Structures are given as structure tokens and as C-alpha cells.
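These notes open a run of structures that come right after.
Both complexes shown next keep chain A, but they swap its partner, so chain B is in the first and chain C is in the second.
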Partner chain A sequence: MEKKSMIGAWVTRVYDPEKAAGTLKFTDDLSFGSELLYARAARSTIPCGKIVNIDYSEALKVPGVVKVIVGKNFPIHFGIYLKDRTAMAVEKVRYIGEPVALVVAESEDAAEEGALKVRVEYEEETPVFDAAEAMKENAPLVHPDLGSYEHVSFVTPVPGTNIAQHFKIRRGDIEKGFEEADQVLEESFSCPQIAHAFLEPHACICLQDPVSQEVTIWSTAQSAFTLRELVAKGLELPLHKVRVIAPPIGGGFGGKAGITVEPLCLAAALDPDIKGRPVKLFVPREEVLTTSWVRQGWNTKVKMGVKKDGTISAMKVELVFDTGTSAEYGANPVRSAGYTSMGCYYVPNIWTDSYGVYTNKPFGGAYRGFGLPELMGGLEAVVDAIAYRIGMDPIEFRLKNLLKPGLPTCTGMPMPPHALDKIIKKVAEKIDYHREEPPVRKGWKRGKGIALAIKAPAMPADASSSATVEILGDGSVKVLAATMDMGQGAYTAYAQIVSEELGVPMERVKCYYPDTAAQPYDWQTVASRSLWSMGMAIKRACEDARSQLLALYAEYWQCNPEEITIEDGIVKCPKLGKAEPIDEKTQNGFKMPDGKYKGGPIIGRGHFVPPDVVYPDLETGQSEKSVVHFTVGAVGVDIEVDPGTGEIVVNKAVAGYDAGRVISPLNVKCQIEGGTVQGLSAGMFEGIYYDKNGKLLTPDFTDYKIATTMDVPWEIESFCEETPEDPSPYGNRGVGEHSMISPAAALGNALYKAIGIRIHQYPFTRERVYMAIKAAERGEKDFWG
Partner chain B sequence: MLAFELERPRSLQEAISILEKFGNRAMPKAGGTDLLMWMKDRLVTPEVVVDLSLIPDLAGVNFSKDGLRIGAMATCTEVLESAAVEDHFPALRDACLSHSDWLIRNRATVVGNVCSAVPSGDVMPALYCYDATIRIVGPRGERSIPINKFILGPRKKDMIAGEIVTHVFLPLPEGKSSGCYLKLGRRNALDLAQVGVACVAIDGKNGREYRLAYGAVAPTPVRALEAEKALQGIKAPDDALLEKVSALAKEAVKPIADVRAGVEYRLAMVGELTKRAIDTCVERLKEE
Partner chain C sequence: MTKREVHFTLNGRSVTYEVEPRTTLLRALRHHGVTSVKRGCEEGECGTCTVLLDGVPVKSCTVLALEVEGRSVLTAEGLVGKDGKLHPVQQAFVEEGGIQCGFCTPGMVLTTYALLKKNPDPSEDEIRLALAGNLCRCTGYTGIFRSVKRAAELLKDQA
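Let's turn to the complex of A and B:
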């Protein structure tokens, strides 16, 4: 009987019982004894201005307050792509809520009370809140020193402006492309900033040893090693003197990638008067949006040339991302959207400008999909709108212009193999797209819509992974792979790989949460890269461990390694009739026929770096291989709208992606369902709003609304196609983020079908939909309010 | 949250004396689902929090031939699970069911929702329709006050230091009745009302009588008395009358624009939900 493969097996997720029982320890659960100090930020009350004076004398009088630290005590710029951010405002504040001082105390209450007593005197300056305004000449500059900030080579800020990042695509002849068109149409869509809304707010504890100067950080971090690197660079410490321990995190979605709230805590832990005592910074929910990043607001404008037969001849794309006060991480989603700005279509002549623009608001950065929900939220609405305007079926229009395998993307890279055409047809069939059905609810309006998704891992060309696999003395296996399993199920999939490769039961494989002092390097848990990149490293580590074990057994049993198998933890040589469970010999050494011991603990090593990515040219965006791979997919929704209130109910959502190979079907299904709900939630409810002075109106869940179980679709159907990827551990490619990319656009397209008016501004709240219906009744075709 | 002292009196008298002693530095707590949030946001900063949960007199939901008594510690869940509430005060049941979610309803109290006195308080429009009275004890003894006199404005109520609301009382409608509460929020659970409409219809001595009350569209809940008058005696209002009634209802309210909704939408929804609420009540009376 053929052995059942663990690749593609439906298995139980690891770590779920501990999570359900509440015994798994998160960062905030850790105990540090009475040595622990607590930090709390005092925050700016104005959106823009110079700090004239900070008076914290009253804060120091609060019993328990140990010290107050201000920005100029810790002026280090930290950051991953563009170092425009300090832990606290130094000289100048740039948004309401920016930390201006840090109160450190013996208790959390004292720190909070102290923070309330810090008084700051400002000289107010003119703020700018709107990205379009901020791009204008003579707009007030959020970062007058932009030209002096350090940044990576593939990020291109424009000093002397508010443009933190400008990514360009110049492919073909754009003018000629428009001349060849029979129709040239323009459309635009926009969306406010939104929030990750992870269950666990940020927390970290930092400690510096006064003698060795070594720094230890316990943090709610997605990416222990990148955090280590950025801290080490900022503090000018060697890597081995920074240790990052990342306990399990309660959701990340990009909001805990790179370096987030840690510098604020380090400002206290490194203070000469505090050094040696651990300092804890817990960021309350109400302060999350002003301490770490949100998803950038965006405006997508597309001018499209289309021929009579529906072929796209040219596309001019302008993407404006409102990155708030920092583009430290946010510069890269701007780039990611830019080099994918063709969407899922072949566009022979394309001109794209993707801008990240500073404004005096909390800052934007990584969020599930990383530039692509932003791009496709616009582009898939544009494509749909244009299909209707030229009188073509939206699905036919998409299929006609599909970026088929081998055709060049906007960077010139040939599109790798995929099954998107099949996926589109399947999704359309599953929601019965072409059949107009009466509404289920009396008096409501029904509509169906579809949108396509595409995304490549957005990461530096040399983002690497490594892992070790140690076969323990009883045949169980210890896997060190510094991915953060934040709910996506990485450790379950890794256990499946190890079980498959080593022939041990999955229940006997254990993956540990990241600790840079114990585990080998991995860049970050982002970009849907883990099961691909770390998957390669783990598979190679397994191969290494297995060949070590087989070589020892071959000598021990006096046979060839090829004659030995491992099944269910039993090492067998059918030829010799031998079979035994893996035992202490793998740890202590094998006593060979010559009487001598050989071996010792078996540790397999594996590493991986993408071999051939070339950064796009800074002027044209062209590159023979701009990204490692693309994952494509489509989502369709069948919805109904209550015309009396604007309420939307999603009857059914269908989502399909080309995963290459599904390793962990349960996790893939969960990811698709979760991302679909998250995307629909963003489309229906989510937006971060400010008053006219830049004060946040939606700091917590009272007014920042995400979908509850009462708001999710009645039915979600997911499926995967499997066109293999190469290189890849099993043909699999990233699929974690993709389900978040296009549900909102599909919803908008279905809404248009239902109510006959195109809404150009996300989210589609009940109020906005109601107002649009009223406008439609007046005969309007577009709603911008 | 800033530090505070917690007092847990076991009798009304003890609670009153603590509250009187500390004056406006103390605040009573029933479910605490509003109070603790407000403390966290520093909207209120009591030095002493007086937990009422151990006082036996404040517990329970009791029904008699005169009406319904809801004790200060009765949770939304207790109220909505009461058979008497389902039979005689369906608008209140709807209101409790629309409040937050199951977890919070297991803790939040109906009286607490009244005492918070926020314009969007879900249970209040129903209590306005049922002519509820608020029963208070304090250093100067007991008093009783109609709910619309008790609520003075956003987070303002007619109470002095040392006073405690012991219960609300809802007289039994005089005649066969039906009722409903329709809530519009931004999503289907765990939200504050953008507009809340309670409607009660009673077949009394003088024929069919309607009561309409609104939440989240004025500084306090409001009754639409003119709209009620226009409906008086009519068992099957037609579309024209419903249009007129919803126009009158819009005149009775005075919504503001905030991050939750704009004025135009709130007014439109007052109109829409008024029609739906009346329809529902008329249908529910037919069914019985």
C-alpha cells in the first residue's frame, strides 16, 4: 500500500488546544518580578509644530514615577526602508498622538498618571492632512529633512517635497498606446486609512545589561530577526548583543512586522538611570493607532485606452498613498503596488506613478496584502466600470485582457504559469454570475460582482531563511524555524513537512516560537513567504538530517542507505528484515560493528535565498525578474441591499486562488475564509477618521467597526488550483494574504449591479450606500460622497 | 485607568451613606460596562466606586398585575428572558436584545443603561413608550419620577449625591398591546444606535393608541407626540398616513452629525424606521 502523503493532508492544527485553554503565554502574560518598570507615553495634542518646552516636574511628583524621558534624550532614527521615524518627537511634533515624553514608573498606574501631568508648550505650524494637498507645490513640509534620512537603495524619496516614495513604471509607448485606442476612459477610487484590529495590542519588555551592554527584548513581534537587526543598527551594537524573544502573538496582519513600538520602550530601558531594570511598554487599544502603523489611505486614478474589441492598449496609473507622518515601512507597499500596477492584465503600454505622501496623521505601513488591496481595490473597480462603459461583460473583458503565462508584467518580467482563467470561470459559475436572480429579501436589491487578485511577496531580493531539524533521542523532532505562527498555521504546515520528509508522526514534531539567541536566521514573517522560503529551508534541513541518520544506520546494519526507509518513526531495512524505532542511538551515537561509537546528536541544517530577483530599474521599473512569484485568484460575491437603509447582506462569497500546491488544506481554507471576511469588513465598515484638526475620531472599537459574526456572508466557498511553482518545496506558493486583496472590490462591483450607481469611495457603509441609492434615484451614475 | 477605591456595601443604607459621604468623588456601579470604559477614558474619575451588586433589594425582575419592576442589578439578559417582558413589554425585549452582545448583556443592566443617560441608550426609547418611572432612594428618602423628567441631557440626570436608583417601574399597558424596537447601527451587533425607534400600540378604552420614541437623534430620547396623535384610533394606517407620521417624527427629533452618522441619514432613517416600526406593531397586534 502506498504511504499516505502528509503534503495536502487534513490535520489538526498545533498550539490550538493551549490557545483555547488560555495556557499559552503571550508577551503581556510574562512575569518579571519587582524589578519591572512600566512606561507610558505623553502625547502631542497638536498636529504640527515646534516643541518649545516640556515641563514634567508635576509628573515626577507622582509617587512611583522614576524618570521622564523626552525625544531629545533618544533621537535615534530606526526603520526598515526609510529612517524617518524616532521613538518620540524630537523638536517637532507631526501628528496628534505622537509620543513627546515617556514616563517610567514602578507601576502602570503611576506611569499613566505621570503621563497625564506632562505639560508641553508648542509653537504651532500649519499642518496638512490630505495627501493630494500635500503633493502640491508650497504645501507645508511634514519632513523638511527628508533629504538627510538614510534609506535602502530601492526606495526613492523626493527631498524638498512631501513625497516619501515615488515608484515609476515606464513601459512601451504610452502616447502611442492611447492613439491606438478607440476609447480612452478615466476612473478613480479612494479609501481612507484602516486598522489591523488584531486582538492583542502591542507590548514589549526591554532590558539592557549595564556591564555587557547586551539588550534583550521580549516583544509582540512578527519578525524577531529583522527587529534584532534594526535595533542593533540603531544602537550600533553587534548582532550577537541583541536578543529578541517573540512569544506567541495574537494576530499581526503586518502590524507587528519590522520594528514597531520597541524603540519607545528602549528609550527607557537604555536610560543610564534605568539600565539594568526591565521596562515594560503595554500599548492600550486606544493608543495602538497612534503608536504603530495603520494601512495607508489611497487614491487610485487610471486612464485606460481600449480598442473596439475590448483589448487594453494603454494604461496610465496614478496611485497616491497617504502614508501619514512616516513611510519607514510604508514606502514598500507603495513600491509593491507600483510594480504590480498592471493588475491581472496584459497592458502593452503602461505608465505608472506610485506615490507615498506624508501628511500630519498617524502613519501607514504593512497590512495584509501590502499595497495590493490598495491597488486592486481601485483597479478592479476601474476595470469593472470601464467594461460597463464600453458595453462589454466584465468577465469577458477580464478574460480578454488576462495576463496569460509568458506575457510580460509591467516590469517586463514574464508572467509565470497560473490557472487564473480557470479560476475566474469557476468563481463566476459558483455565484451564477450571469444569472439575474430575484432578491431573497422582499424589497431588497440583488447584485453579483467579481474581482481578481494578484500579489507577489514584496521583500528585498535577498530575503533569506534557515532552519534546523534535530532528531531527538526518542525519535521526536525539534524544529527551529523562526517564523512567527500568529494564527496562519505555519507550525502545523512545518510539522507536516517534517513528518513527510523524516517519516516520523506529525504529533512527534515540535516547532518553537522565535528567539534569536536559540534559532537560526529568518528575515521576516511577512509577504506570504514563510511556507515557500522557510519551507525550502526546512525541507533541506530534513533531507540533511535524514541522510545523516541513514548513513549511520547503513554502517550500523551493514547495508546501503538506499535500502533503508523510515515510516511512522520506525527505521526499516526490508532486505535485512530489520526494523526498530528511532532511539537513543541518534542522540548518543551508534556502536558500530567495529566496536567504535559514531554519530552523536543529529541536526539537519537548511537554508534558502531566492536566487535571481533583480530590483526594478529606478527610472523605468523594468526588471527581468522583479519578484519571486505571483499568486493569482478571484473572488465573487452575491449580495443584497436594503434600499431603505443601505444595509448590505452578502448571500455568498466564493474565492479561489492558485496556491501551486496546498500543503495544509485546513489552514489554507481558514486563511481564505478569514481574509475574505477581513476584506469584506474593510469594504463595508472600516475607516479611520479625524476631525478637522487632525484628532483621531476612531481610536478604539467603539467607533472603529469591523465585521462581527453577525455580519459575515451566509456562505463562503473557497477552492484552490495547483499550478506548481519552481523553485518551491512542493510547488506551493504564498497564499496567506491574498484573500484580503479583492473582496472589497468585488463587493463594490456587486453593489453597482444591485443599485445602478458606482460608489467611488470606500467603505460602503450603510449611510454611504443609502445616499448613493438616493443619488441613483435622481438619475446620477456616480457617487463620490 | 487611574487608581480608585472599591466599596461593596451590603445594604441600601450603607450604600447611601458612602455615596453621601464622598459626594461627587464617588460613583455607583451596577454592571460597570459603561462606567469602567468611561474611567479608562478618564471621562469620569471617581476616587470611590460603590459596587451595588451585593445589595439584595436591587436584584431581579418582578411582574404583578400593576406592572413590571426591574431592579437596578437586573441585567439585560435577565430582562429579555423574562416571560412577562416577552408577553407585555416586547419593545423592551427587542431593545435588550439589540444591546451590544450576549457577553455584555449578561453584565450590563437595564437601569444602568438609563443612568448612563447617553442619547443612544438602547433601552430608553422603549421605557419612554411604556411611561416608565424611576424609583430613587437617597438621604432624604424615596422618590419617584417619570423617565422623561429623570433624563436631562447627555450623561445628565436628575439625581443628587447619595441617591441610588433602586428600580424602574413599567405600568402594565391598559389593553392589548404590541411593541417593537428597531435599531439601526453600523453593523449587526456590538454597536451604538445611529437611530433607535421604539413603537408601542395599545388597544385601550379610547381605541388604538400609538406611542413612538426615538434614541440617538436628540440630546435625550424623545417621544413624537404629534406623530402619535396623527395615528390615534387608526388600526390600519395607509401609506399616505405613514408618510405623514414619519414627517412628523422627523420634526420631533434633532440629530447631530458625528463620526457615526450624518444628519441627513439620521433623519431619513427616523422616517424609514418609523414606518417599519408601526407596520411591525400593527402586524403583531393582528397576529394575536
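Let's turn to the complex of A and C:
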């Protein structure tokens, strides 16, 4: 009987039993004893202005308050791509909610009470809330010092403006392309900022040893090592003097990547009066929106030219991202959308400007999909609209213009192999796209829509991973791979890989949560990169450990390593008729035939860095290998709308992606289901809103709606195609983020079919849909309200 | 603030906590190391702090600790057998992809447990309604619905 492969095996997920029992400890669940102090921020009440005076004398009178720290005590700039952010406002505030002082106390209650007693005097300045306004000449500058901020080479701020990032694509002859077109259509779509709404709020505990100056951080962090690096750089400490421990996190979606709330907590822990005592910063739900990133608001304008036969001849894309008060991380989704701005289509002539623009609002950063829901929310609507305009079926139009393998993307990089054509046809078939069906609910309107998805891991060219695999003295295996398993199921897939490569049962493999002092380096748990990049490192570490073990057994048994197998934890040499379970010899050494001991603990090492990514040219965006690879897919939805209320019900959603190779089917299925609902939730409900003074109106789950059990499609079907990736551990590529990219766009296309009017503003709330239906009744074809 | 004693049954055993009158059940439980009860919002909106109070799911952030005097509180840890075996409801969540990050899971499990006690064979509508007060951002609820159905089966097999 052939051995059953663990790659692609249907297995349940590691750590799920502890999660079901409630015994897994998250950051907020850890105990630090009675020396623990608590920090709470006092926050700006105005959107823009100079700090004239901060009076915290009353805060200090609150029993239990030990210290109040203000921005000028800790003026260090932190940031991953563009260092435009300090832990607290220094001299100037830039949005309502920005931390202006940090109250440190013996209890959480005292810290909170103290924070309420801080009084700040401001000299108000003119704010700017709208990204389009902020781009105009003479707009008030959110960061007058933009030119002096440190940034990575592939981010291009425009000093003297509010443009924190400007990414360009210049390919082909755009004017000629539009001249060749028989139809030209220009449309724009927009969406407010949205929230990650992970259920675990940020929490962080920081401690500095007063003697060694070493800093230890326990944090709800997706990326322990990048956090370590950014803290070490900011504090000018060597890397080994910063230790980041990242306990399990309760959802990330990008909102806990890079560096988030940690600098605020460090401001207290590093204070000379506090140093030596651990300080905890728990961010209450209502402050999560103002302290951490949101998804950037966006306006996507697409001008598309097509020939009579339906071929796209040219495309001009303008993406404006409202990045709020910081583009520290948000500069990169702006790039990601830019270098993928052809979508899933071959466009011979393309011109793209993608901007990240400062406004006086909470700041935008990484969010599942990373620039692509923002692009596809506009592009996929335009594709449907232009197909209708030329009288072509939207599916046929997509297939005709598909970015087939080998054709150049907008950066000139040849598109790698994929099976998107097959996926599109399958999705269309599964929602019966071409069949007009009567609504299930009496008096409602039914429509079906489809949208495509594409995304590459958006990361520096040299984002690396490493892992060690240690075979313990009883044949169980310790895997050190510093990915954060935040629910995506990385450790399950890693255990499958180790089981496959070493021939040990999966139950005997253990992966540990990140700790920079114990584990080897990994860049970040972002970009849907882990099972690909860390997967390579783990597979190589297994190969290393296995060859060490086989070499020792070969000498011990006096045979060739090739004659030895390991199955189910048993080492066998069929030729010699020998078989034994892995035992303490692998730890303590083998007593060889010559009577001498050899070996010792077996630790396999593996590392990986993408070999050949070239940053796109800053003026043209061209690069022979702009990204490591692309994952593509399609979403179809069958919906109904109640014309009396504007309510949308999703009868069925179908989503398919080219995963290259599915390693962990349960995880892939659940990632697709979760991302589809998150995408539909964004499309139907989600938006962060402010009053005219920039004060947040949606600070909780009552006003910031996310999908509940009552809002979920009645059926979700997911599937994968498997066109192998190379290089890749097993041909696999990421799918974690992709499921969130296009559900909202598919919803928009279905909505148009149902109600006959194109809504240009996300989300498609009941009120907006109802108003659009009324506009459609008046004969209008577009709704902008 | 002066502390007062509150006596109640926690997962089948009698306990006495000393609490301030303003302390919520959520904070009291967590202070005593019962950390399966999560603080996701402390505003009664997310359901991650759900406990069963005399068998009824409540959000422990909206209950004062002193209110549970003489009553019975069940948390997710309390469903696990003495032999370390998961309760069938918990097992079903593991089997059917009802868990991702795990932060909503204890609350989801308890609400499901209460639903199936009352209604051993719920319809899809009844499941959705029963779980409407527990938010989940990872799973899209789809795996959770499968888990509830599977839990119903497992409990029937057990009965």
C-alpha cells in the first residue's frame, strides 16, 4: 500500500482543542504580579493644532497614579516604511483621538480616571478631512516635515504636499491606446475607511531591565521580528537586547502587523521613574479604532478603452487612498494596488497613479487584501459596465481579456501559470450566472454578479524566513518557525509538512508561538506568504534533520542512508531487517560499532529568501520580476434585494482560487468562507464615519456594524484549482487574504443586475440601496449618494 | 472602595470572591484567573465574555459580580471532563472548522451548549438566531453553523 501523503490530508487543526476549552492564553490573559503598572492614554479632542500646554496636575492627584508622560518625553519616530509616527503627539496634534499624554497607575481604573483628568490647551489649526481636498494646492499640510522623514527606497513621498506616497505605472502608449478604442468609459468608485474588527483588542506589556537595559515586549503582534527590529532601531539598542514574545492573537487581518501600539507602552516602561516595572497597555474597544490602523478610505477612478471586438486597448487608473494621519505602513498597499493595477487583464497600454494622501483622521495601514479590494472595488465594476456598453457578456469579456500565463502584467513581468479561465467558468456555472431566476422572496429583486481577484505578496524584495526542526529523544519534534498562527492555521500546515518530510505522526509535532529570543528569524506574518516562504524554510530544515539522522543510522547499522526509511516514527532498513522507533539515541548520541559515541541532538536548519524580485522603476513601475507570484480567483454571488427596505440577502456565494497546491484543506476552506463573509460584510455594512469636526461616530460594534450570524449567505461554496508554483515547497501559494478581495465588487455587480442602477459608493447599506432604487425608478443609471 | 464577599458556584465548585460593588463578573472572573472569559469590548456587544448564569447565556461584562450571589456560573473550562476530554460541543467545533483565532470560541461554545440543552435539534434559522449575539470575525460563521449541527448529532449519539 502506498503511503498516504500528509500534504493535502484532511486533518483537524492544532491548538483548536485548547481554544475550544478556553485554556489557551492570549496576551491579556497573562499574569505579571503586583509590580505591574497600567497605562492609559489621554487623547486629543481637536483634529489639528498646536499643543500650548498640558496640565496633568489633577491626574497626579488620583490615588494610584504614579506618573504622567507626554509626547516630548518620548519623541522617537517609529515606522516600517515611512517614519512619520510618534507614540504621542509632539507639539502638534493631527487627529481627534491622538494620544497626548500617558497616565501610568497601579490599577487600570486609576489610569483611566487619571486620563480623564488631563487638560490640554491647544491653538487650533485648519484641518483637512477629505483626501481629494488634501491633494489640492494650498491645502493645509498634515505633515509639514514630510521631507525630513526617513523612508525605504521604494516609497516615494512628495514633500511640501499631503502626498505620502505616489506610485506610477507607465507602460505602452496610453494616448494611442485610447485612440484605437471604439468605446471609452470612465467611472469612479469610493469607500470610507473600514476597521479590522478583530475581536481581541490590542494589548501590550513592556519591561526594561534597569541594569542591562534589555527590553522585553509581550504583545498582540503578528510580526514579532519586525517589531523587534523597529523597536531596536527606534531605541538605538542592538537586536539582542530587544525580546518580543507574541502570545496567540485573537485575529489580526493586518491590524497587528509591523509596529502598532507598542511605542505607547514603551513610553511608560522606559521612563526613568518606572523602568524595572512591567507596564501594561490594554486598548479598550472604543480606542482600538483611533490607536491602531484602519483600512484606508479610497477613491478608484478607471478609464478603460475597448475595441469593437471587446479587446481592452488602454486603461488609465487613478487610486487615491485616504491614509489618515500616517502612511507609515499605509504607503505599501498604495504600491500594491499600483503594481497590480491591470487587475486580471492584459492591458497593452496602461497609465496608473496611485496616491497615499494624508488627512486629519486616524491612520490607514495593512488590511487583508492590501490595496486589492480597493482596486477591484472599482475595476471590476467598470469591466461589467463596459461589457454591457458594447453588448458583450461580462464573463465572455473577462475571458477574452484575461491575463493569460506569459502575458505581461502592468510592470512588464510575465504572468506566471494559473487556471483562472477554468475558475471563472466554474464560478459562473455554480451560481448559474446566465440563468435569470425569479426571486425566492415575494416582491424582491434578484441578481447575480461576478468579480475577479488577484494579489501578490506585497513585501520587500528580501523578506526572508528561517526555521529549525529538532528531533527530540522520543521521536517527537519541536518546530521553531516564528509565524504567528492567528487563526489561519499555519501551525497545522507546518505540522503536516514535518510529518510528511520526517515520517513522524503529525500528533508528535509541535509548533510554538513566536518569541524572538528562542526562535530563528522570520520577517512578518503578512502578505499570505507564510506557508510559501516559511514552508520552504521548514521543508529545508526537515531535509537537513532527516539527512543527519539517516547518516547516523547508516553508520550505526552499517548500511547506506538510501536504504533507510522513516515511517510513522519508525526507522527501518528493510535490507537488514532492522526497525526501531526513534529513541534517545537521537538526543544523546549513537554508540557506533567502533565503540565511540557520535551525534547529539539533531537540529535541522532551513532558510529561504525570494531570489529574484526587482523593485519596480520609480518613474515607470517597470520590472522584470516585480513580485514573487500572484494568486488569482473569482467570486460569484446570487443575491436578492427588498425594494421596500433596501435589504440585501445573499442566497449563495461561490469562491474559487488557484492555490497551487492545497496543503491543509480544512484551513483553506475556512479561510475562503471567512474572507468571503468579511468581504461581503465590508460591502454591505462597514464604514468608519466622522462628524464635521473629525470626531469618530463609529467607535463600537453598535455603530460600526460587522456581519453577524443573521447576515451570512445561506450557502457558501469554495473550491481550488492547483496550478503549481515554482519555487514553492509543494507548488502551493497563499490564499489567506484573497478571499476578501472581491466579494464586495461581486455584490455591486449583482446589485446592478437586480436593481438596474450602479451604486458608486460603498458600502451598500440598506439606506443607500433603497435610495438607489428610488433613483432607478426615476430613470437614473448611476447613484452617487 | 470597600470590598464585599460574593459566594457562587463556578463550574460546579463553591467559590467566594472579594469584589468592589462596581466590579463586573467579567473582571472578577479574569482577576481570579478564569481567562476563557474574554474582554472583547466590555460594552455588551461582542459576546466573547459570555458565561452561562444558571444555564442562561449572559455577557459577563454586563453583570456585576455581586449579582451572582448564590447562583451558578459555567465557563468554557467547566465543560471539559475531568479526564481532559472536550465536551461534545467543543469537540464539534474542532471537527467542523468552527474555530480560527479562538477568541470568540469559548462564548460560542457556551451559547451553543445552552441552545442545544433547550432545543436538541435546532433549524438553521434557530441556530442563527441563538448565536446572533456572539460576533466572530474569522470564520464567517459558516464553520460554526456546521459545528452546531455536528454538536447536536454528537449529543444525540451520547444520549
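The definition used in the following text is that the second predicted complex is superposed on the first by the 785 of 785 C-alpha atoms of A that agree within 3 Å, B and C clash if a C-alpha of one lies under 4 Å from a C-alpha of the other, contacts with A are read in each partner's own complex, and residues count from 1 in each chain.
Basically, a contact is a pair of C-beta atoms (placed from the backbone, for glycine too) under 8 Å apart; a residue touches a chain by one contact, two chains touch by 3 or more.
What you are looking at is a predicted structure, and each value in this text was computed from that prediction instead of being measured.
In the overlay built on the shared chain, the residue A:E180 is in contact with neither chain B nor chain C. Within the superposed three-chain model, A:E563 lies out of touch with both chain B and chain C [touch as defined at top].
In the superposed model, A:Y770 makes contact with chain B only, not with chain C. Contacts of A:E106 after superposition on the shared chain: neither chain B nor chain C is touched. With both structures placed on the common chain, the touch criterion links A:E780 to neither chain B nor chain C.
Residue contacts after overlaying the shared chain place A:G675 against chain C, while chain B stays out of touching range. Once chain A of one complex is fitted onto chain A of the other, the partner contacts of A:F685 are limited to chain B, with no touch recorded for chain C.
Of the two partners chain B and chain C, more chain A residues are in touch with C. Within the superposed three-chain model, A:E214 lies out of touch with both chain B and chain C [touch as defined at top]. By the touch criterion defined above, A:L199 reaches chain C but does not reach chain B.
Where the contact sets of chain A with chain B and with chain C meet, they give residues 284, 286, 701-702, 707-710.
Against chain A, in their complex, chain C makes its touches with residues 30, 33, 35-43, 45-46, 48, 75-77, 79-80, 86, 90-91, 93-95, 97, 99-106, 109, 124, 127-129, 131-132, 134-145.
Within the complex formed with chain C, the chain A residues making contact are 12-13, 15-26, 28-29, 31, 196-201, 248-251, 253, 282, 284-286, 486-489, 666, 669-670, 673-678, 700-702, 706-710, 712, 714, 716. On the chain B side of its complex with chain A, the touching residues are 1-3, 37, 40-42, 101, 184, 186-192, 194, 259-262, 264-265, 268-269, 272-273, 276. Here chain A touches chain B in the complex through residues 109, 112-113, 116, 284, 286, 644-645, 684-685, 689, 697-698, 701-703, 705, 707-711, 765-767, 770-771, going by the rule given at the top.
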